[in-house]
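Shared chain: chain A. Partners: chain B in the first complex, chain C in the second.
Presenting the complex of A and B:
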């Protein structure tokens, strides 16, 4: 990779919280800007067309226009990084995928629904090849920095696959279950340094499911700890509807 | 044997006495439901009556994240981290956790000695305490009673109103010197009643576990398991690790760290080229249990499980290592010839 990679930052369907989190790198931002040239970032600068080495992309794909744009971005980017739960696994947006798309469209747009073509919310990887994932909702800052430094050095970042439980145990956090709450840590990918359980919150599963999750066993854990089967699956669907709908079919 | 008596209301004074000589690490209340070992700053915070800490004393000798070296990319140099002896009093340690350190001492001194671990092990004074087994402890089944004093310098056994204090070694006598304690009344501390038992001693288990390689118990356990790895990460005799390098944001240097890893984790079994050599949770569960009751025991004669019950207590899926082993035992007794 060239000495100073050109970076472009894009967003699709999402809250732009991940991009805000990139602007929030107050202590690192100047160092980061020393390594790269940002050539395109709507959140922080005027649009400018160009070529780029690394594209950081936030949001899920939920309209036909999104599909066109992501293909264009893929063509122009050497490395494409999906940033945040929406881009990586469809995120909260993909909860709509559990219902007929026409019904969702009508509920949101009413009689004007024909003006707004819409698709099930898809992770970027459903449409284009994604090279690297930065997970989380909003994206995990420590992971973004690791990915950023790896890419600047021309190396392939390592994607964590172990559950959040590992990071809780490394930090000796009192288990959320011991405190009488339920937690998706056992089947959720770590890499966040167990951010939420470390401050007394339970894991909502924002970083997506571990590879080959044992969902029946997770359902049993949640039900044993007091949820109904229906509630258990609702919890699991919050960030993972796209993957879970895929497993059904 | 010279036994002294430490009244409960003098525990704080004893902690202060120890703190005047060395740093003291002891169990202290962490959350509302948990106790953890930590450096003592307030003697009143020490809790001697507890069932278990999530992490054992292992964390002081093989830290969860251990910086091995710092490297500088600008001149391609590196410097190994300075490792200091712990040189402290470890107070309020249960016998199974002391026994676990004996096992790690073996692991880390075989072959190429593990310098960092052995360095940190130096200068430790061990002050043990007895405990009342809860629904998860089964140390009795692996030959480590709650009153076992082996490896300790001083041992406190709970009796009515306080503790019987036994000075086990000379070092123990030295650390207690100057702290006046009355003679203990005659009377025996409770030997502890276990609620969990493994049916056979280790001498028989090697054979049983060898015969259980193709047992359906592994697949049945895997059905309940989510593979979160908690059982590995809380185990006092697990010592596997991964090595990670982190580069700072200036991209001028960074650190190489050793981080606890575990055989229940998919990444752990993945090798170069992407091959996963224990692909399913059944294979991983089998490996975990055989590491405790067969592979290392074949070599040393001792089970590598100390019966602390952590893997079961912290398993959200309720998987019990005692049930797995006993299932292997009862299957073996019914069909002893199914050895593979």
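Presenting the complex of A and C:
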């Protein structure tokens, strides 16, 4: 049998909730560790070695130092996996990109803003080639397990393309629109088994947009259900500012 | 004895977020001893400006995954006060149960996965899988159960889904809570007792270091304050949570992307040890027995004992969690929808105890229920000055050790605070100007 894949775990700008979700595989963690060698994980261990087969990377890129580090990680990793909304599509961090960066810096740090360099918050794929995405905020655990299993077996994982609505209908959930709420399920990429609508909360769009989303129709639905046009777009921007800004230009 | 020291631990491991320890000593004179916070700023104010009250907790909980429930609770309390949303007693009980689950999970994660490797002189928890499998399996069992509290009551352990301003989008069933109660009693309680024994065996590895400081936490007449209470200082007594700015006094330092805080002295301590010192009389019997067994006494000024105080708290949270489930089941669960009809638009403050200490959120809403001002003050930010002061006292005391030992002691000190650096950097304190 071939040597076990060497796995490294990294974090950039984000909340580290995705990494925590990896430590939260309590029932599977020891089995998973049996199939790989974890060679680098700052949040959980001291060691810092050389090269690895699979790098799981959380967080978005938002300082000059981040850009340097992600290039280094890409160089040392055979497969690079973006984990979670911040890494995959910029996530909540990218909301700041919709405002002038100098204005944002001044608001938080005032005259001391020059102490802390910053850039627009970018998904990993804006700077390096990403091989696989694990989406969600926090990253969807069932999807992470599928990707992990596929990579350990040397297979290319398949990324879901259908909307959250499809999975929600398959679970025969009552549509949250019927309960007087709004929902971004129609344009949000599935793979989470409609986790939020299944417990009565609306889909906030954390897994990113489906390929070729019909955003005009989405806007119409949100406005029909009581949001202003402005508010509708704000809700869509929550996790997807980077992609929506890109579609605009 | 070492007269010159040049320590720079870049990206300290086994903590949440990115920080460096920097110590310089020249000819026996300490020039610098500080924790540099280099986490990339995230500018949460740019995300919150003009956002609906439905989104405030969703956004601020993304300040930190590890503390997501704490941010969510604090955010919802601030929003509810600002908008005049009242919540039911059932909602308060379910929230307290969720906080217990999150506290157990966070404290167990820190004690076993982040701090224990220091006591056992290994680089991570992974070597312990082979050398101490029963301990690792126990830690995983406890974490799983604590996370299941989050999943059953909150829909998900990291970034819970069902808690919203005004209540819950889904109420757990009596069967789910009954099963949770059984597991807390039959599985978690014995594991906690075993944890106390493990920590007792390791207590000899805890450095003997003390520094008197101010301890700040919530305090309540009703219970061991985690969800609600007055702000209480070991130096100056209790005040209502609306006065939080007078106890925090944030200021900017060049070596940290997180602001520092001070109150009655140059620094103060928040977290499990502060709660223990201020509220040990409110703990349940099992927790007090655990404290006695592990040598934790009231008025403890050894920051390394914070980890021990976390284990004591985990015991309290498990026992109180059982009592809360009993109360919920006795009252009978009501299928109520969240109260989301504001009856005013103004400013509200929320203060809760999260695993790493006292957390404050303050929001102001306009008449459309959109955020016009927001302020969050994070436990780790409040502890940073205290950590620096500890290092300044500690380094001269341990100069007889090798540089490697000194570095180890400093790393262990910072880890004892269980710092959450992502949180501390993603604070905000802004009035949005239209």
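The definition used in the following text is that the second predicted complex is superposed on the first by the 245 of 249 C-alpha atoms of A that agree within 3 Å, B and C clash if a C-alpha of one lies under 4 Å from a C-alpha of the other, contacts with A are read in each partner's own complex, and residues count from 1 in each chain.
The criterion applied here is as follows: a contact is a pair of C-beta atoms (placed from the backbone, for glycine too) under 8 Å apart; a residue touches a chain by one contact, two chains touch by 3 or more.
Note that the coordinates shown come from a computational prediction; the quantities given were computed from them, not determined experimentally.
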item: Partner chain in contact with A:14 - chain B first, chain C second, else both or neither; value: second
item: First (chain B), second (chain C), both or neither touched by A:38; value: second
item: Touching partner for A:71 - first (chain B), second (chain C), both, neither; value: neither
item: When both partners are placed on the shared chain, which of chain B and chain C touches more of chain A; value: C
item: Partner chain(s) touched by A:145 [first = chain B, second = chain C, both, neither]; value: first
item: Set intersection of chain A contacts, chain C complex versus chain B complex; value: none
item: Touching residues on chain B, where the partner in the complex is chain A; value: 30-34, 36, 53-55, 59, 64-65, 222-230, 233-234, 244, 246-251, 259-260, 262, 265-267, 281, 314, 316-318
item: Chain C-touching residues of chain A, taken from the complex the two chains share; value: 12-21, 23-24, 26-27, 29-30, 33, 38, 41-47, 62-63, 65-66, 91-93, 95-96, 99, 104-105, 107-110, 112, 115-116, 118, 121, 137-138, 195-196, 199-201, 204, 231, 234-235, 238
item: Complex contact set, residues of chain A against chain B; value: 28, 31-32, 34-35, 145-146, 148-150, 152-153, 158, 160-163, 165-166, 169-172, 174-175, 177-179, 185-187, 210-214, 216-218, 220-221, 224-225
item: Of chain C, residues touching chain A in the complex; value: 11, 13-17, 39-43, 45-47, 50-52, 55, 58-59, 62-66, 68, 109, 113-114, 117, 123-126, 129, 136-137, 140-141, 143-144, 147, 155-159, 161-162, 164, 169-170, 252, 254, 257, 422, 426, 428-430, 432
